[in-house]
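Two complexes are shown next, each including chain A; its partner changes from chain B in the first to chain C in the second.
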Partner chain A sequence: MKKYYLFFRLRFAAGIQYRMAAVTALTTQLVWGIMECLAYKAVDKASCGGMPMDYSAIVSYIWLKEAFLALFNTWAADNDLFEMIKSGDISYELCRPLSVYAMWFSRNVGGRVSEALLRCVPVLLCAIVMPGPYRLGPPVSAEVFGLFLLTVVLGLGVTVAFCMLVYMLCFFTISPQGWRMVFTGGVDFLSGHLIPLPFFPAKYLRVAQNLPFAYMHNVPFRIYSGDLAGKEILPAVLGQVFWLLALIFAGLLVWKLAEKKIVIQGG
Partner chain B sequence: MKNVRKTLTLYCKYASVCVKSAMEYKMSFLLMITGRFLLTFTEFIAIRFLFSGLREIKGYSYGDVLLCFSIIQMSFTFAELFGNGFKAFSGMVKRGEFDRILLRPVSPILQIMGTRFEIGRVGPMITAVITLWLGIQESHVLRNPWACVTIALMISGGTVLFISLFILGASFCFFSIQDTSLINVLTYGAKTHGKYPVDIYGKGILSFCTYVIPYTLIQYYPLQYLLGKSDQWSLSLCPLGAGVFLIICYGVWRLGVRNYKSCGS
Partner chain C sequence: MITMENVCKSYKVARRDSGFGQAFRSLFHREYEEVQALNQVSFHIGDGEMVGYIGPNGAGKSSTIKILSGILTPDSGTCVIDGRIPWRDRTEHVRHIGVVFGQRSQLWWDIPVMDSFELLKEIYSISTPQYKNKLEELTRLLNLEEILKTPTRQLSLGQRMRCELAASLLHEPKLLFLDEPTIGLDAVSKLAVRDFIKKTNKDHKTTVILTTHDMQDMEAIAERVILIGRGQILLDGTLGDLRQAACVDGELQEDSVNLDQIMAALYQKLNIM
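What follows is the complex of A and B.
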């Protein structure tokens, strides 16, 4: 366990280096957050209070999404891994007496957590001093906050496990970036990044809820604001656990396949 | 005149080389186009879903928003297609490639725009065409020849505006070696949030988009005429103002080139 923790530490230390990039990211996320809040304000007015989510729930959804973007996005993949596969450095990874899957998994989590920690604090600080209706409110209760933390961890696991599957694809194709782009397009939408899932019409929502993407950030962010509450919480959390295990299992299976036919092409 | 023709021939040559090199990796090329198409197409679906519960937002119907979305998408795609070189410019400076460009007896702008002509960026164009067609069918758009001219002006004005912003962003590389991707807020931000007419976001944003970065010239004002909200046909000439913005950004670029000190290797 300790070795995996060290991989996490290493990636964490590397990630914390880029400070100017953090300033840029903060500005971007604030602008995005404010614009989305304003857009939904107009939607709220237009629908005369008939929106599928409360306005305050949407505001906290938006701010949490911006604050924890690094944890849940599927497009900012760990480019080192793609580079390793392309350059042939992957052979060094294979030589290590460790599980490659677990090693990459912990690296990926480390990269995401370091980025998120650096970025979430300023975004959250700005979000709680926003004027009036655009302010990020506190979680509904202490238990809800606990559940929020638990589901964030599970959601992060689901996201990383899914990304691992995409990484594994690199072993079977020479254009991994293209595949990644195709996946990103779909996942962004199905995970509720473009619009929160409750805005989906009922029959599409049913489809989306049977896919792993609904168990990434959709669950924790809606629990936080109390939009997902009561009886609905348990199936959501169980869904997260199920998809986490299923995706890890699938990833390990694909890795076993890849390992057998691996050809090192680089020098 | 002869000069212009020579420049254009050279540009076409650059572009054809870039297209050929992209075609060497057909699978990758197709995936890139599909991926970029999906990214924008899902945005269109999102608008559709959002409108499933309501009839209009601040007086704009579903079709009106689609029209606005498609025009912005199309302008941005054209701008990325032709102005991609400026987006990748900071890398050129870092690697010292710009020194090489300055040594050649052809305009640097031509070389920057020509060498990074990326045909793989046309994916969103598919979405843009579909939504433009749907938007024209379902919106309150005026049905006269002048409306066609207005749409064409908006798209070309938008392209010019986005290219100007790319040039402005590239110019920052001359003044700072820090990460200069801050400009992306203005380009990608406008692309993402420009799908709604800007007055949806309220007065503050409307004035920012008029007086700081003139997005409204290519979006809000001509749209008022196009959707029959205003009788002043002169509003449809607003996109021409993007030309002025281009001149300003070009001025900043020239200033930067004059100050350029090599830092690459």
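What follows is the complex of A and C.
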């Protein structure tokens, strides 16, 4: 276990040394967050309060999304790993007495958490001092906050397990570009990154809810504001657990296949 | 102890002529060619031996190293290393081997070398006193003192290669595979690397298998040379045997030419270029 923790810690150490990247990312996220808040304000006015989510719930959804972007975005997967597969540097990873899957999983979690920790504090600080309706409110209750933390962890697990599946598939296609294009565009939409899922028409929402992407950040961010509450919470959490296990299983399965027929590229 | 018997490995390579028309055609119809990388390769290497593995580019050297380290599965044949089949018992096998791929890096790119070493300590479950001893020894022999705190990305090639060697020996493996460890190094670094390899072999009885194109490496390090070409073992003996084989028809005078010329003559004679 300690080995995997160390992967996490190293990735963390590597992640926090890029300070300038964190500062610029912060600016982007603040501006982006404000723009989104204003856009939904306009929608709110135009629809005379007929929105599927409370405006305050949307605001907290937006700010949490910006603050914890690094935990859940699938398009910023660990480039080093793609590079390793492409160039053949994976040789060294295979020369270690460890499971490649577990090694990469912890490395990914470490990378995401380090990036998120650096960014979330300033974004959250700014978000709670925003004027009036654009302010990020406190969670509905202490219990809800606990649930929020739990579902953040599960959601992160689902996201990383999904990325792992993509890495493993790259062993079969030589270049990772194709998979990334297909998945990242679709996932951004289906996970509620572009538009929160409650805005989807009922028919599409049913489809989205049967996909793993609805169990990434959609669950914790809506629990936080009380938009997802009561009887709806349990199935959402169970869904997260289910998809976490299913994606890990699928990833391991693909890895077993890849391991057999792996060709290290380059001399 | 390494025993390799009748190992074959072939790759499927997509081939086409250059040009847009050909590229377009290959969308619909792709021609593959089987390239036989290893063809009935057999050899036997005892404990503590130092073996140079040579041959022209594309002869199958790296494929052999990859099979020996368990990261490539051959099409047929057997290979047993200390009772283990490398690709089948990979996780167990790699505990006992150290590998350096000269053209790749095992150190984390953006953190100090020391951190990469600490990670290796955990990966191989090395006890703290053992790790300290080994690290101290390696630091002294490879002159690493100054560079351990530097991030890998800022090391020169020679410095990096010294660190790579140290990294592959931290867990005190019984077997060391070196795939072109001196590629691109300057004279000083080359000498340092050679001396270090010799010393490791002598002090710890580490079995070393080394591939290289640098004939001086061979002369300095290898007691035994295995020559491979077109996937087949052509010669297994000492450097002297190699010289004799090249000079047998009298075109070359053994003492008037250097090793590189001998190798070139040999490659041409055996028609393996």
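Going forward, the second predicted complex is superposed on the first by the 266 of 267 C-alpha atoms of A that agree within 3 Å, B and C clash if a C-alpha of one lies under 4 Å from a C-alpha of the other, contacts with A are read in each partner's own complex, and residues count from 1 in each chain.
Convention: a contact is a pair of C-beta atoms (placed from the backbone, for glycine too) under 8 Å apart; a residue touches a chain by one contact, two chains touch by 3 or more.
Treat the numbers as computed from the prediction; the structure is a model and nothing was measured.
Superposition of the two structures on chain A shows chain C fitting alongside chain B with no clash. Looking at the shared chain after the overlay, A:I195 reaches chain B, while chain C stays out of its contact range.
Of the two partner chains placed by the overlay, neither chain B nor chain C lies in contact with A:S56. Of the two partner chains placed around the shared chain by superposition, neither chain B nor chain C is touched by A:Q209. Angle at chain A between chain B and chain C, computed from CA centres in the superposed arrangement: 90 degrees, to the nearest 10. In the superposition on chain A, contact is made by A:S91 with chain C only, not with chain B.
In the superposition on chain A, A:L38 makes contact with chain B only, while chain C stays out of contact range. By the touch criterion stated above, A:T184 is placed in contact with chain B alone, chain C being left untouched. Within the superposed three-chain model, A:A46 lies in touch with chain B and out of touch with chain C [touch as defined at top]. Looking at the superposition, the partner that touches the larger set of chain A residues, chain B or chain C, turns out to be B. Here the smallest spacing between CA atoms of chain B and those of chain C, following superposition, is 7 Å. For the contact definition in use here, the chain B contact set and the chain C contact set of chain A share no residue.
Put simply, chain B touches chain A in their complex at residues 25, 27-32, 34-39, 41-43, 45-46, 49-50, 52-58, 178-179, 181-182, 184-185, 189, 192-193, 196, 200-202, 205. Those residues of chain A that touch chain B in the complex are listed here as 18, 20-21, 23-24, 27-28, 31-32, 35-36, 38-39, 41-43, 45-47, 50-52, 173-175, 177-186, 188-189, 194-195, 199-201, 204. On the chain A side of its complex with chain C, the touching residues are 2-3, 6-7, 10, 13-14, 17, 80, 87-89, 91-92, 94-99, 260-264, 266-267. The touching residues of chain C, when paired with chain A in their complex, are 11, 57, 62, 66, 69-73, 90-92, 94-95, 97, 99, 101, 103-106, 108-111, 115, 118-119, 122-125.
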